[in-house]
Each structure stands twice: as C-alpha cells, then as structure tokens.
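Note that the chains are named A, B, C and D in the order they appear, and that numbering of residues resets to 1 at the start of each chain.
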Amino acid sequence: MTTVPPTLAADEVEPAVRGPAPARRGTLPPVARVLARRALQAVSVTLLVSTACFVIVQNLPGDMAYRIAAGRYGYDRVTTASADAVRADLGLDAPAWQQLARWWADLAQFDLGTSLVTGGSVVHELRLPVTSSLQLAATALALAVAVGAPVGMAAAWRPGGLLDRLTTVWVAGTRALPPFLLGLLLIMLFSVHLGWLPAVGHGSASNVVLPAVTLAVGLSGLFARVTRDTVAQLRGSGFVTFAETKGLRGRAVLARHVLRNAGVTLVAYVGAQALILIEGVVVVESLFAWPGLGRTLVHAIFWRDVPVIQAAAVALALLVVLINTVVDVAGLALDPRPRWRQVVP
Amino acid sequence: MSTATTTVPAHWPRWQRLRRLSPTQRCAAAALVLLGLFAVAGAWVWPDPAAQDLSRFLEPPSLAEPLGRDHLGRSVAGRLASATRLSLATAVACVATAVVAGALAGVLAAWRGGIVDTVLHGLSEAFVALPALLVVLLVSAMSGGGLWTLYAGLALAQWVEYFRVVRARSALVLSGPAVEAAGLLQLGPLHVLRRHLWPDLRPLLTTMATFGVGTSVLALSTLGFVGVGIAPPTPELGLMITEAFPYYDEAPWMSLAPALVLATVLVGLLGLRGKESVS
Amino acid sequence: MNMHVQGLVVTHTGRTLLDVDDLRLERGRAVTIVGESGSGKSLLAHAVMGTLGAGLEAQGRVVIEGTSYDVAERRARRRLWGRVMALLPQEPVLALDPTMRVRGQVAEGAASFWSDRRSGYRAAEEVLGTLGVAGAARRYPHTLSGGMAQRVAFAAATIGGARVLIADEPSKGLDDHARNDLTVLLHRHVTAGGILLTITHDLDLGRDLGGDVLVMRDAGIVERGPAHQVLITPSHPYTRRLLAAEPGRWRHLWVRDRTSGATERTADPGGPTLVQTDRVAKGFAGRTLFSDVSLTIRPGDRLALAGPSGSGKTTLGNVLLRLLQPDAGSVRHTQELAGGRLQKLYQDPAVAFPSRVPIGAALADVVRRHRPAPGRLTSLLAAMRLDESLLQRTPGQVSGGELQRLSIIRAILVDPLLIFADEPTSRLDLVTQEETMCCLMEQVERSGCALVLVTHNQALAHTVADRVLAVAG
Amino acid sequence: MVWGRPAVAGVAMVVSAVLVACSGPPGAAGGRQPRGGPNVLRVVGPFELHSLDPARSDGFFTRLRVAETLVDADGRGDLRPGLAAAWRVSDDQRAWTFSLRPDTVFHDGTKVTAETVAASLTNARGERGTPWGDAPVAAITANAGEVQVQLDRPYAPLPAVLAHAGTQVLAPASYNSDRTVKKVIGTGPYRVERIEQPSAIEVVAFEGWAGKKPDIERISYQAVGRAETRALMAESGQADVTLGIDPVSRQRVQRAAGVEIKSVTLPRTILLKVNAGHRVLGDLRVRQAVSAALDRKAMATALLRDPEMAATQFFPPSLSEWHQDSVPPLAHDPSQARELLAQAGWAPGPDGVLTRNGQRFEISLRTFPDRPELPVLATAVQAALKELGIRVNVQVGNSSEIPAGHKDGTLELGLYARNFALVPDPLVTLLNDYGPRGADWGAMGWSNAELARTLSDLADGTDAAAAAAGRQQVSGILQRELPVIPVAWYRQSAVVSDRVNGFTLDPLERSWLIDEVRWSS
C-alpha cells in the first residue's frame, strides 16, 4: 500500500470546520447584502429606464408640440398657434441631449421637473397615482391572499377532493374571464342592481372594493392553486412526516412547520403578482375611473408629457425593485438557507 | 386530470400519444379546432367584415345572420370570424417570436456564460424593471393602431419571461452530470441541444407558450378596450366587446359573442395544458 | 412491556407486498430486519407505525402494552406517536425543518413543551447535551454535519419518551464514522430498556446491534434468529447469498487480496503516464478539502479514493478528470486521453443520462460518434445480462442496477483508457452491488484500462483497488 | 449590522402595514349614500381637470360657477352682464369700457377692483391661441374704477370674447410670482373646497355671494372617462347629474327609474374638413360628390340615435340667426354623386376603385377618439365612400394631428366636431375659421373673397338688417362651395336624478347652471 497517512480524523462533536463554512469575515450579512444589491439596482434602473423613455418618446412620430398643446388646451382647441407657443415655452427646439442632461441634473437634486401639459410639479402630479395604485394593489392582494391561502390549504388537506377540484374550476373560470368583463359584471350586479357599492371614484374606503374585488377574483384562484400545490408537496416532505411521528397534532404541524415553509414560496409568488398588479391594471383603472399609475402613464404617453412619462416609469421601476427587496428580505427571514447562485460551467 | 399525468412511453409514435390525451384535453382541442375552422371559413362566407348597411343596424340574429348585425349594420358573425383570425394569428406570432428569441438568448447565456451572459442578463433585468405596459404602449405609440407594432410590443414584453426560465433551466441542465458525461463522451453541442436541452425545455416551453397565447389574446383585447390597440374598423375581440357594451340590453348578442369566443380560447388553451401548473 | 405483531398482511391491488405472521419485540433486545430492496421490510416498519401510504390495504394486529390495534385503522395509533412509539427517520437531514432552529424542533416533541415552552426548551437542551450536540441547539439544520443531524433527529424522536423506536434504514447515506455513532445511540436506547426495530440492508449494522435478526425476501421472512448466528452462519440459502454479496466476501478473479496489504500490484511501473497531478489543492468557501496531492495513474492502475462523505474525494476525482480547476498545482493528461477515452460513472446513473430521451437514442449518439465495432452494443448488453427492450425506455423507467450497467456499457463503448467511478454502487443493495461491480470489473479486466474508484466503503475499496488513497475531511 | 429574524420580519410587517395604511380611513360605504353626506349634489362628467390655468381648464370653474367673466351669455348666446354691470364702446370703436358690479368680493375676501380685474385679464392675454389671446387688444387699463380695453382696430365681438372662459377673473392671490395659477379664487356663488386633480373637485356655496343664494350648498364633481361607466352611475343613482351621455346609453337610461333625461341641441356641427388645395379634393364636383354620398339620415339614426341630427346645412337650427331655411338642403343622392365623379374624370378601375389618369382615388381621413361618435362616424363615411369606389384610409389618432396636418399640408380629410360658441358670438369662430388663409379647424386651401368681406363687415358692426343679410350670404356660400362638409349636428344629453329639479342644459356649454338647481323635497 502506498504510504497515505491515516488521517481519518475522529468526527469531532463540535465540528468547527465541517459543513458549509460560516460567512467569511469582512462580508456583509445577508440582509445588508440584499439591500446593497437592490440599492445599486435601483440607481441603475432609474438611469436606464428614464433614458430609454426619453429616447423613445423623442423618436415617436408626430410633432411633440402639437401633442402637448392638445393635452394643454383640450382636444378641439389645439391649433398651430398654441403648438408654436408650447414649443417656445418649453424650449423643445433645444437639442435632445440638452433636454436629457437637464432632466438628469434635476434628478440629482431629487427634482422631477414639471409636467409639460399641466405645468404642475411632477412630484405633485404623481403623488395621487402612486398612492392609489399602491392602495388598490395592496387591497387586491390582501383580499386574494385572505381568500386564496385558506382555500388552498383546505384543498391540500384532501388532494383530489371536492374543494380541490372546485379550485381547479375556479382558476380556469377566472382565467377565462377578462378583467374588464368581470369588472363590468360586478358593477352591474353590486352597483346598478343591488346598489350596495359605488361604481367608480376614489377617496372613500367603499370605492376601492369593486376594483379590488375585480382584481382579487382571478388572483385568489391562483393563490389557492399555488398554496394547494405547495402545501400538498410539503405534506409529503420528510420533516412534516417526522413532525407528525414526533407526536405533534395536525394543527401544530400546520402552524409550526407547514405555514412557514409554504410562506417561502407564497411570498415570492405574491411579490410577483404585486408587480403585475401595480403595472398592469390600467384596464381596471380605466373602468373604475381609478386615478392610478397605469392611467397616468397612458395619458402621459398620449400627450408626450416626457417628464411625467419618465417619472412614472421610474416610479414603476423603483416599485418593482422595492417589492423585490421586500420579497428577498421576507424570504431571508422565513428561510435562513443560503441561496447559491447557479454556477454555469 | 388523472390520465393526463400518466407517462406515455417516449418511443410511442406521435399519433398514439395524441390518443392518450385526457377527455379535458380532447374537449379543449376540439373547441379550439372548431374555433379555428370558424375563423378560417369566415373569410369565405363574409369576405368583408367592414361592409356596412346602416339601415340594418342592430338587427337581431336570424338564419342568414346567425349573430345579428352591429350598430353599423355589419355582420357580427363575419366580424367575429375576422377578429378570431386576427387575435389568434397575432397571439401565436407574438408568442412564437418571444419563445424563439427568449429561448435562443437563454440557451446562449447559459451556455456561453461570461460576458454574453452578463450582457443578456443585464438586458433582461432592465426589461423586467421596465413595466410591460410601458413597453407595449411606447411601441404601439410609434405607429398608432398598426398591427405590426402591436405584435412587436407584445413580443418584446414577453421574451424576457422565456429568457429567464430557459436560462435558469438550461444552466441547471448544462451543469448537470448528464451534460458532463456527454462532454466526456465528446458528443458535441448538437447532441446536447437535441438530447438534453430540447427534451427538457420542450414541455416547459409548450406549457408557457399555450399560457402565453392566452395572455396575448387577452392583452390584445385589453389594449383594444383601453383604446390603444388595433384601430377600428378592423375587428378585434376586445374592441368588439367595448363597442358592443353600450348595447348590452338592446343587442346582447353583440357583446356575448366576442366574450364567448374569448372565453373559449382561454379555456381551451388552459384545458390543453392538461395538468395544472401555475407559477 | 413488549410489542407483538400478528398476522400482518399488506397488499396493493391484490398483490401481496408483506406477509408476516408473527413478530415479537421485547424490551432490551434489538430486532433487525435485513433484506433486499423491494422485500417489504420498509412496509413492515410503516405498518407497525401506522404511516402506510393511502393506496395500500393492510390487515392484522399490533399489540402494544397490552392494547391491541387493528393495522388497517391508522388513526388510532396517532396518539401513541412520540409518547409510546417513535420513528427514527431515514436521512435525518431531510427530516429536519430547514427553516427552524434545532432547539425548537427537538423541544416540540416533549410533552411539557405544549404547556410551558421554556421547560420544553430546557428539556431539549438537556437531551442534546447528553447526545454531545449541545452546541447545535441554536443552529439551523443546514449548518449541521450528517452525524450531528443524525443525533439531533434521534433527540427529536426520543424526547417524548417513546419506548418503541422504529428505525427505517437509519444508516442510509452515512459514512462509517457516523454509522458507528448511530450504532451507539441505538444501543443506548436498547440498554435503557427500550424496544428497537431496525430496518436496514446494512448487514454490519445488524451485527453491531446484536439481538435478533429477521431476513426478508419477497414479502416474507425466510430466516430468523440471533444476530451472531444468522449473520455469521446462516442456514437459509438466500441469507447465505446475501452474506456472500458483502464486498469483503467476494470471490471473483479480479478481486484483490485484501489480507496481504503488502503485495501491491502496480501495473507496469515503467509504462506511460495517463494522468499526473502535481501538488494539487482544492477548497470551497474558504475550507480546504485537500492539498499537496501528487498522483500518477498509469494504464491498468486501480486506485480507490476512500473517505467519509464530504471529505472531498469526488472533488479530487473531478480535479483528476480536469472537470474542476485545482486551486493550486497542476494536472496533466496524456495526449491519448483526448477524444473521449476518459470516462466517468456516476453515483446516480439516472442523472447521467438525458432524462427524457430513450436510453437507446442516447447510446445511438455515442455509437454514431465513436463507431465501435458493429454488434459491440448488442454483445455488451448480452454480457451484462440486459434485455434489448430496455433501450426503448427512458432512464426513469429502468431500475438503478440496470441503469448503472447501461452506463458501464456507454463508458466501455468508447474504449476508455481510464474510468472514474464515483460511488457507482452506493445506492444499490448488496446483491445488486456485487452484480454491478462484477460487470464493471470484467470489462476493466478485459480492456486493461485504468480505474479510479471513489467509495466510502473501505471493504469495497480494498476489494477492488490496488492502491487506496484515504481522503480525510 | 446583523439583523435577527424577528427584526427582519418586523421590517416586512411594517412595510406591509404602510401599504395597507394607504388604503385610507374607513368611510361610509354604500353606493347611494354620497360622499360627505346626503346634501351634496354629485355631478359626473367626462371632463378631467388638468390645469388650474383658466386658458387650459376647459371652463371648469365658470361651469361650476366658481369664477366669472366680465360678460355672461344666456342660452341663446345673447350677452348679459357678468362681473361687469355694463359696457360701452367709444365712437371710433377702438376702446371698450366695462364698469364693474359694485361691492363684489373674491372668495378670499379681497375686494374686486378695476385694477385686480385688469391684472387678471392681462395675465390671461399671455396664452396665445385663445380667442382672448388672439383678439386685437392693445392695452388693458384700470381707469376710475372701470376697466378699459384699447383695441388696435375695431372689433365688434369683443364683449363676446370677454365671455369666453379663458377670461375668467381671478383674485391676485391666485397667481404665483411667475403669473401661473396656483389656486382658483373667483367671485362666483361657489368656492373651491377641494381639488384632486385630475378627477375630483368639490365646491361649496360662497357666503359672500351677493346675488341670489343657491339652494345646493355643496357640489362634488367626479370625472369619469368611459361613457358606459357614466351611464351605469346614472342608472344606479350614484350621480345626481350625469353629463355627456352617449346616444346609445341614452336609450337605455331612459327606461331606468328615478332619472330624467335632459337634452339640448348644441351650436356644434360634426364636419368633414376637406383639403381643398388637394390634387383631387380641390375639384368642387368631387367635394359635392362626397357630400351627396353620405346618407346623413341613416348615420344619424343608427349612430346618433336621433334622425333630427342629420345635418342639412352648416349651421344647426339652434343657431337661429345663422341657420337658413332658404338654403337647399344637403341630400343623399348616390347617382348624382357618381355622375359628378364621372364628370370630374373618375372612372371605376378593375378592383372597383375609381381611377383617373392611372391615379387611384385613395385618401386618408384623420379623426380622434376623444369624442366617441367620431371614429364610428368615420367608419360610416368610409363605408359610404367605398360604395362610390373611393378608398378611404381611416386614421384614428390624436386630435392634434388635424392641425398638424393642416400646417404641413398632409391632411386630406379630417372629421371633428366644431363648436361655434366657444365665444357666444359664432362670428368670432367663423372669422378665424373661414378667413382668407383658412384655419386649423376651418377651411384648408380654400378662400372666398366674398365670404371674407362679409365676415369682416359683420365684425366691424353693422345694422341689424345688413347683419341678417350677411349671415344669409355666409350660409349660402358655405353650402355651395363646401370648404367643409357638414355631417351631423349635435345634441347633448344629461341624466338628472329625481333628487333635484330645475336642472337645465346650457346650449353654449358655458355653465352647468347648478346655481339654479334645487333639491326636490
């Protein structure tokens, strides 16, 4: 035998060097690392998105001055004279790069400029859309989770059972119903025929109900489905079986093991849906006259209101980053395992 | 659902695999095929979906006009066939473009790694942060109501999804032992593509693509509803629903028909996917 | 107190999977059930515990502390769990909730925990302390070594004071050292007056535990008796066959003489060098796995890399194959190894084949690329006693043993100069392991290629290899 | 910084709490219960408030009776005293003097003086492209408690221009230092309570209003863009006054309980603007053929649900001074249209499209969706012209593409609705639209010396008989020459709930006349 020293070290009771090593000295703790990475992303996304918007809007067909004038004076009072006035007023004749540089310089001082159409400060103009979008998204999500998660949990308890099959039908049904149709149906039912809820408007708590329900109906089915799949998968996992044979009762197993682990999946999923809700609900906003970000964006693009487009796009992009951050941090809080980046050979 | 999950031996010929479709899948496929036939045949029966006869506005359904006429006296059935054709064709084209572009970029990024991966991944991150709505709106603003820009906008908004999934999945496959073994056997990139990546990605991509077609049809009609979609009088499902809505009690057939077609497309695609796989 | 299993039959769609007429377990005496995979031994554990899958029909009775339970009625025994009977899980790492600290997972098994959290935690820390892993209390499972996880799982399973402990394949995936620890723990339970039922295919564990041994085959018990008798001088032919399948007892032409470690054979020391490493080192995440390893592999060499799990033997192998870059040092391959003449066998052959493609298609690509002699594939299949119809299936539809033999065929098809086998049989039971190793070694003998075998099984290493390189953690 | 799990979970919870907190305070739910109590008049309309600037706010604050103009007008366009009690013109027709209503105060309590009025009007002059900005004004001065407007040349419609919403008088405190408007402080019977741009405004009765106290104490306005949503709100009783009801919804809402439809014909005509300088459309016969091809009756019946709205001439009957019964009506006559086109040299090609000298009759039609009936009418025009063999390419885009196309000459056909009562005297609009050089929303590539002279005479001011003759001449020329092709007139509808009565619609859309509305009980 070759002389290989028998270095089979006794398995020390406290293995200081075995297992994945603790974080190296000098590196940041996971939460700080997530925050730092996301902060960097926020800055780069802001620059990128605003520049992209600017470049695209500059290259859209049609004379910007006319568009802005149409926004300022109303659709049937826009004239060449007013467009000329707008052009002179806003300095649209200046080279594009100068306009962009000016926007960047202002941004560095946290000044988003003024709307070309209304002349009001962009920050002021966006405050309502951002808060109402968040409000609608948060309410819809809360509703969807409140309904979907328990239903999914119950369905997972008896896979293939009545409730399980019902959620499948529910998902298919809601997916086949476009949100604008659903919204109309809800207005017809709850507003016109029953008169329980206001159809449109913004301001009082009752206003948010119908649009939120419109969004939540489809989402709740999805959440129920995801919860069901996750919980059913967890119920077959080793640690849930082990917890049961340890003598824990069903409810204790659910509370101590299933919920938190299901939360890891659900939080990520809810986050992804939140993004869709915040950016993609322009239909519901339009139908319910909800003053959200999507509608603001549609109007701003229609009128070529560049600062508003840029600011709204940046706001949306930052919301994306913010939600991703919250999801990351919540994920870290729920599941301490390190996430290795997939190494590509 | 149960039969949908049974594994079909991979060596079975294609038609036999078709036979193993679940009843749900068969119904869904039949509904979609019927809809497709209606859409194609409609082109012969009603050659001009924009032909008006103002004197016959809101005419109720009859034998000659199975779905009645709309507020401009146009044949609802003819418009519906044309709209279905347009919606399905555009959606399929969008998804096909997005799948091809996304999958190619994803495989490329996962395979080459390094600078290629960094650039493509950075690009996709930017697209993720850029709201999909904004992409579609901006692109469709480039030429109002043009079908091409709408197609480009939707494809542009969707490729990222495929890129991300394919990249992650390919990285997993490529770093796995099977590909390592193929490397040791010196079987070459074509083998890896054909035997490892494609079989692994195909079910994923088909599932995502059927879902994507549904999403695209919905997105098209949604844009029509908001008023930035295809310009009238080109018939489009969302636009038809919007146009018909004011007449919902006077001429219910007008709004019901496109809504039903939309629902059929979505349910059909959903049913075709067979086993439920959200997320 | 004792436990009595009577007339236990488990069937699935009419097929009998388990038929045990009578089994008595007594305090202070371990009972171990050994047998091949598929013999029904795991079902026995689950039938007794009441954790059988929903699709299985069961009948018979289990008498615990004088109370008789119908096996078909699974719910009734649930309140015994943790207090009276406990199940020591397979692969403890998977049995621990990854999102919860160890202390809570142990404490929740204690009855006191549900009335007073703090006393539950105290009890948990105490038990962990007596098992020598007090420091693990505030850690998450993913930071534990395999041995520690085993002890934590033991603590969690037994903290409720269950006298009946059922261990289902407790040594699966454990290296020798951790397995010794496990034996000590199980012994401790028995000597403290507990009832122990162990299910394993590890004959050494059965010998170490002592007590009674039951040998199962095809749903029934073929032999039973004291461990020292059954596992050393068996009477039933099947048991004899089982024993003979232990690597230490193999009798084949290619088997190396284990007893005389001095008579080392190094094939043709003057021959060409296939692989040469010079002071290579490799580590992960700041931890060094090995350093200063210098090796030379020549044609016909048989080298074993042995060591506990996680010691870096697979990594060393991958460095040898130049699949991984060493942190320091260099690895040189001879020119002749280019062109695919260096092959690898994997611990899990299922992941080494393209998973959704028929095996035949994957092999056809190899044939097309390397053009072996016509009929070579067919003759190899025959030599490995494999049916050609297997080629129509995907990897998931073939058993582990068959698939490993198919992957041997794939490696042999290209006429390799060096085969690197990474734990090729660690997931197989004894009989299949012998069969697979036979197939591999016959081909190695015939072709004269070099072999590098990675294994945590010392006996296997010494049986197969000329040289054994012990890799420490 | 090492965060424990509780801390991290805490952060996540705080963030979600903040998100939920945005949902606002719980308020009174229930659709029929208006926000802020039952004593609020809820007005719903399609208009969004994008700016507080009078020139850009689309007359919001005059309609809500928050701000006043010097001159007011009644439903027929006859001028009435507004903030000015009386006005007179100098003998040379170049100086107008307005004496103010005494003892008027702004909503912030400051007194209305000639100086504040002059300053406000001077500010409003800054906006070009408005009637006031374009009027030939030399100077605005305050003189002995009166406001004096000096003109460059005689301009008879000046008082009418000063009835335009862009000239509403605001208090000095309304303006920022750069003369932009920061809030609206007017003199009307209502003052602004709350503004949530762009969709909600709330006004309350102003205690300092010297005139007749309005019965309604508090009014909320909500902008709702979609016509179908507005109709639903009207039907479900969530609005007391719903403006801008589309023809289709009108049919349905009529059957709903507890509401009443109010309609009024507006001085507004839907016109097909024609590029008369165009190689094809420059031919009068072609324009006449296009006009004769339109079945206006069918279009009005099917699309506007109101056969009476089919235009037979340029001016709607509601502009009684301008509408001429003597003018031969525009009629649907396809055979005549074909004949005219044949005379002009157009013959059907192989695919049915008319051709002349190898040139196909293909033209584009621009319109915009802001008025929902326009794209539909455009589609009908398209179909009607297709019958004749004219291929029309409809482009639905932004309204500004019509003036932009006018400027660069690319416009061929444009469809829009023209309001002749932006200023109560239609003359101001006509002077602009059909002057020698045409205008964005008027003639293009067409001029008629006789028409220009007649209009200019009217503007200089003549006696009543001469004015009537002049107006008749204007109507006649427009009908003969067809610089624009009238398609339909316009009827405005509103739904009023039976909670209130006394609501009337102002044909000039100057005011919503809410100060005359009373609670029914």
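Convention: a residue touches a chain if its C-beta (ideal position, glycine included) is under 8 Å from a C-beta of that chain, and two chains touch if they have at least 3 such contacts.
For each chain, UniProt lists the protein as follows: A, B = Peptide/nickel transport system permease protein; C = Peptide/nickel transport system ATP-binding protein; D = Peptide/nickel transport system substrate-binding protein.
Remember, predicted model here, so these are calculated numbers, not experimental data.
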Item to check | Label of the chain whose CA centroid is most distant from the centroid of chain D | outcome: C
Checklist entry - Quick check: more C-beta contact pairs in A-D or A-C? => result A-D
Checklist entry - How many angstrom lie between the CA centroids of chain A and chain D, rounded to a whole number? => result 40
Checklist entry - Between chain B and chain D, what is the gap in Å from one C-alpha centre to the other? => result 43
Next on the checklist: Could you work out how far the Cα centre of chain A sits from that of chain B, in whole Å?
Outcome noted: 23
Checklist entry - Taking each residue of chain A in turn, which ones touch at least two of the other chains? => result 184, 286, 302, 336
Checklist entry - Multi-chain contacts in chain B: which residues touch at least two other chains? => result 180, 245
Item to check | Contact pairs between chains, per stated definition | outcome: A-B, A-C, A-D, B-C, B-D
Checklist outcome for this item: Within their complex, chain D touches chain A through residues 1-3, 5, 8-9, 11-12, 15-16, 19-20, 22-32, 35, 50-51, 53, 55-56, 58, 127-130, 134, 180, 196-200, 222-226, 228-229, 232-233, 235-238, 368, 370-371, 397-401, 403-404, 406-407, 416-419, 422, 439-441
Next on the checklist: Using the touch definition from the top, list the residues of chain C that touch chain A in their complex.
Outcome noted: 49, 51, 78, 81-83, 86-87, 89-91, 94-100, 104-105, 108-109, 111, 114, 132-133, 135, 140, 142-145, 147-148, 153, 156-157, 160, 177-178, 181, 261-262, 264, 285-287, 307-308, 310, 467-470, 472-473
Checklist entry - Can you list the chain B residues touching chain C in their complex? => result 7, 9-11, 176-178, 180-182, 184-188, 191, 195-196, 199-200
Checklist entry - Given the complex with chain D, which residues does chain A contribute to the contact? => result 29, 31-32, 62-63, 66-67, 69-85, 117-120, 125, 128, 131, 134-135, 137-139, 142, 184, 187-188, 190-193, 195-206, 208-209, 286-289, 291, 302, 326, 329-330, 332-333, 336
Item to check | Residue ranges of chain A touching chain C (in the complex, touch as defined) | outcome: 1-2, 4-11, 13-15, 17-22, 24, 237-239, 241-248, 252, 256-257, 260-261, 264, 334-338
